[in-house]
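The next part holds the structures, each set out as structure tokens.
Heads up, the next two complexes both have chain A, just with different partners, chain B and then chain C.
Up next, the complex of A and B:
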């Protein structure tokens, strides 16, 4: 390649840097702030809040992957993007299948008299502080 | 390996391997490091799985539950610190784009100082939890909770140490090819922490407040 020690900083991956970092910062903070506001205000049921939070997290993660990590299909970045996209099913399978296994385990082996969500606040109030 | 094969595979002698489609010395190293970062993401996945499957009050063993140990307000302060550090490192990379050695050092130094701010808030939060009796050994739920917190904190410590090393290398060697690929790898590492923090903030701290 044409790089010498004098112009290594002209490499295409260095030249990817730019104003997108500021956009990622502002959008990231705004989305996390929105999620915090939703949770603080208890807007909706725990299930609705959980879904909204997960959706906001997904949008924030995608924005950061594109703007901070420069995930795109350009010649320079295509294999970085492919590796990340192929990672996503591993992430979903690991999390989803484990949750499914333990959900079944808890349902069959433990004396559950109350649903998952309802037990939490009283338990914390009694022993938390 | 025969001498002929060795010669064919030698990037310096055979331009076929060293040019084209962007897979030069720097690009090869950043791709390799990115694959390592994805295996680190798999570590985070495993820890999130452990936290998720232990996310039942039964696993709190009568001790503090998520609502008592997850403080979304404090976590949002940490979000501001960490994202700001990531932005500062971004400015270092924009300076690198122009070949500005002093700009790179200034950006990294800022990112480093702000990262220390994150660590201070993180450490204070952990000490507060310890004082109220929420320690990792208290319950399976808290073991999973603190493992994630410490694993993430360890990344920030490693990032800070790496920034110190790069400050020295940029000052001593300048923007050579080796220094540039290390700066690119540190960018991948540090900016990846922002993505991981989105999941930490959402599923550790925010979710803890509503379960």
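Up next, the complex of A and C:
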């Protein structure tokens, strides 16, 4: 254990932070509220909403990295920022491969919109007969 | 906003009512009586021996990484026993319920368990064995060993470490509570979608499963952060990355996985909670939801979790084999890269858990290839172990027996894993007991490594070696039980038997299921020998006293301090000169040196806050399960208040003056079986000198 001070206000990262934490909190709440409002109001098509959600999430992530984690390219913080490279393979693997899977999946399983509507009366006629 | 629940609900008790207590089920009543008697005996014993003060001061409020590790292991052992009883019930039910003429008992048409109960048992078995047995056992071992191997005084965040422990304990307690209050999930340990959604599981079982899972997930994420920070920041001077002991490398890789994937699990379960509590549609069919989203998110965590539990097991094998081959580990760099490689590949294989669920052929092909690629770093490890043993002076003491047997299970589990990795083949064996037998081989590899590790490091933690004669009986009976259960299970898998059958329709499968019951009986017998081994070891602990280096040929840093390890770990922070520091010092004849002077030691102070946080989390989760909103509000408010109050507590550490260190060191050295030395220390913790 290294002997550090117990008083949080004396930690350099806290002293340098200024009002960043409060701003990050308010901006985070505002972005979440915006996302919730967009989804609840069904503003736009599903695709547009998906893109809007992704964009809002990206802004929220950047806000957190900059204002909460204080990532920048100064000499003291550069290694924390460089550690974000881990994010690239994880992002590609988790989101990229999932999207690829769902893309193929939808072509195979989500065909009910047009054919289903046409097929429904025949189905009813069959059971009726 | 809250989703409507059918059935009675009251503001005071939520959905809880007397009818939810299963007092008409003789099995559960018997279990309850057994558990109550055990509790009475334990409470009586602690009172009789006057241990309440010790229990509170030295264990429940401790932030000592070794004691937290031991408590993790105790939770793991209790839950291992519970999960094993579930296994016994599944084996006996399947053997009894064969064919239409098989008799039924206890209101069951066939066998003695209704499908409703059988579903809960296999769900509980999986959940418990993965999350509340294997994970706590391994996290406990990492907790004890990592700071010792890198020459640290404690974890980077001792307080957070205790919080992780008590969150895991709260999760385990919630699973246990579901036995006697309400019921458990019947939707499989991984949540069969959409069965775990509210319309199909309107009871509290899935809620129990979900919140217990969630608590353990948060605890493990925090523990992962802690271990990573410890390894990166707390190494002794001279301990460069190239000198890091191999088990610590394995822990580093494992916790990279836990840090990056357990949050996914938390989110997955949180979305399920939203579905079940406020009526969102993340995982429903239609209304914008998607069933496959759950499978995808769950296994993004679920497969890396498998490597999270297997990497520390590999690490333990890598420590045991060189010691008992009397040679340094062959291919250190290859071993390190293989561990990190397994951690890396683990992020890209999850889809093989649902090859059969309509993914495009190219997607399946990609995941087949990544899955097979896991074999490359694993193969590197196996060859390194083999070359370590090659021309070594092999000693087959108990830890080595467990470690070498683990390699056999790696072979069987790995080869059957390669068979499953082919998507085409997976279409044949998906959901069959072949898959069950395969992953049990891998989990048994972990169990064997854990037993090897426990036998290996027990003298370091408790100061005496485990007895070998009963230990070998336990080893051979456990191995015989494994063979007798799982060889017939592989055969049944080839014959097409599917998983989770509460009734077996084909009488020709009967003899194989009977053989599995014989196997499980051998397992029960082996457990008797385990108890005998522990008892005899404890009784003869004076004769089995271990020195610094219990096995004479150990190599890494943890063998340079006393056995049992004093609460401050090392009297003087060691200077590291070589990869195998202990072996290096023996070779250069400097292993017996005593420090010229001692320095003050800075230690974290005990705190009861983590224990309260665990208890309040249990209350919060219990309130959520039964929808007792006042309990949820009270517990949430109390948790927040406690965290805020604790942040104003500046008295979180203390210093042991150098002269006290010197006095304790002299007492330990000069009176090997001596009295407790730390009784008069300010807030001192007895150094486990008396064994227990």
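By our rule, the second predicted complex is superposed on the first by the 77 of 129 C-alpha atoms of A that agree within 3 Å, B and C clash if a C-alpha of one lies under 4 Å from a C-alpha of the other, contacts with A are read in each partner's own complex, and residues count from 1 in each chain.
As a convention for this text, contacts are C-beta pairs under 8 Å (C-beta built on N, C-alpha and C of every residue); 3 or more make two chains touch, one makes a residue touch a chain.
Just so it is clear, the structure is predicted and the values come from calculations on it, not from any experiment.
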{"item": "First (chain B), second (chain C), both or neither touched by A:60", "value": "first"}
{"item": "Partner chain(s) touched by A:82 [first = chain B, second = chain C, both, neither]", "value": "neither"}
{"item": "Chain B versus chain C as contact partner of A:104, first or second or both or neither", "value": "second"}
{"item": "Residue contacts on chain A - larger count, chain B or chain C", "value": "B"}
{"item": "First (chain B), second (chain C), both or neither touched by A:94", "value": "both"}
{"item": "First (chain B), second (chain C), both or neither touched by A:33", "value": "first"}
{"item": "Touched partner set for A:9, first chain B, second chain C, both or neither", "value": "first"}
{"item": "First, second, both or neither for A:50, with chain B first and chain C second", "value": "first"}
{"item": "Residues of chain A that lie at the interface with chain B and also at the interface with chain C", "value": "1, 3, 7-8, 46, 90, 94, 98, 101-102"}
{"item": "Complex contact set, residues of chain A against chain C", "value": "1, 3, 6-8, 46, 86, 89-90, 93-94, 97-98, 100-105, 107-109"}
{"item": "Touching residues on chain C, where the partner in the complex is chain A", "value": "153-154, 260, 264, 288, 290, 292, 296, 300, 344, 347-348, 351, 357-360, 362-363, 366, 602-604, 647, 650, 652-653"}
{"item": "Touching residues on chain B, where the partner in the complex is chain A", "value": "18-19, 21-22, 24-27, 30-31, 34-35, 38, 41-42, 45-46, 48-49, 52-53, 56-58, 60, 62-69, 72-73, 76, 79-80, 83-84, 86-87, 90-91, 93-94, 96-97, 99, 132, 174-177, 179-181, 183-184, 188, 191-192, 194-195, 198-199, 201-203, 206-207, 209-211"}
{"item": "Chain B partner contacts - residues on chain A that touch it in the complex", "value": "1, 3-5, 7-15, 17-18, 21-22, 24-25, 28-29, 32-33, 35-36, 39-40, 42, 46, 49-50, 53-54, 56-57, 60-61, 64-65, 68-69, 75-76, 79-80, 83-84, 87, 90-91, 94-95, 98-99, 101-102, 106, 110, 116-117, 119-121, 123-124, 127-129"}
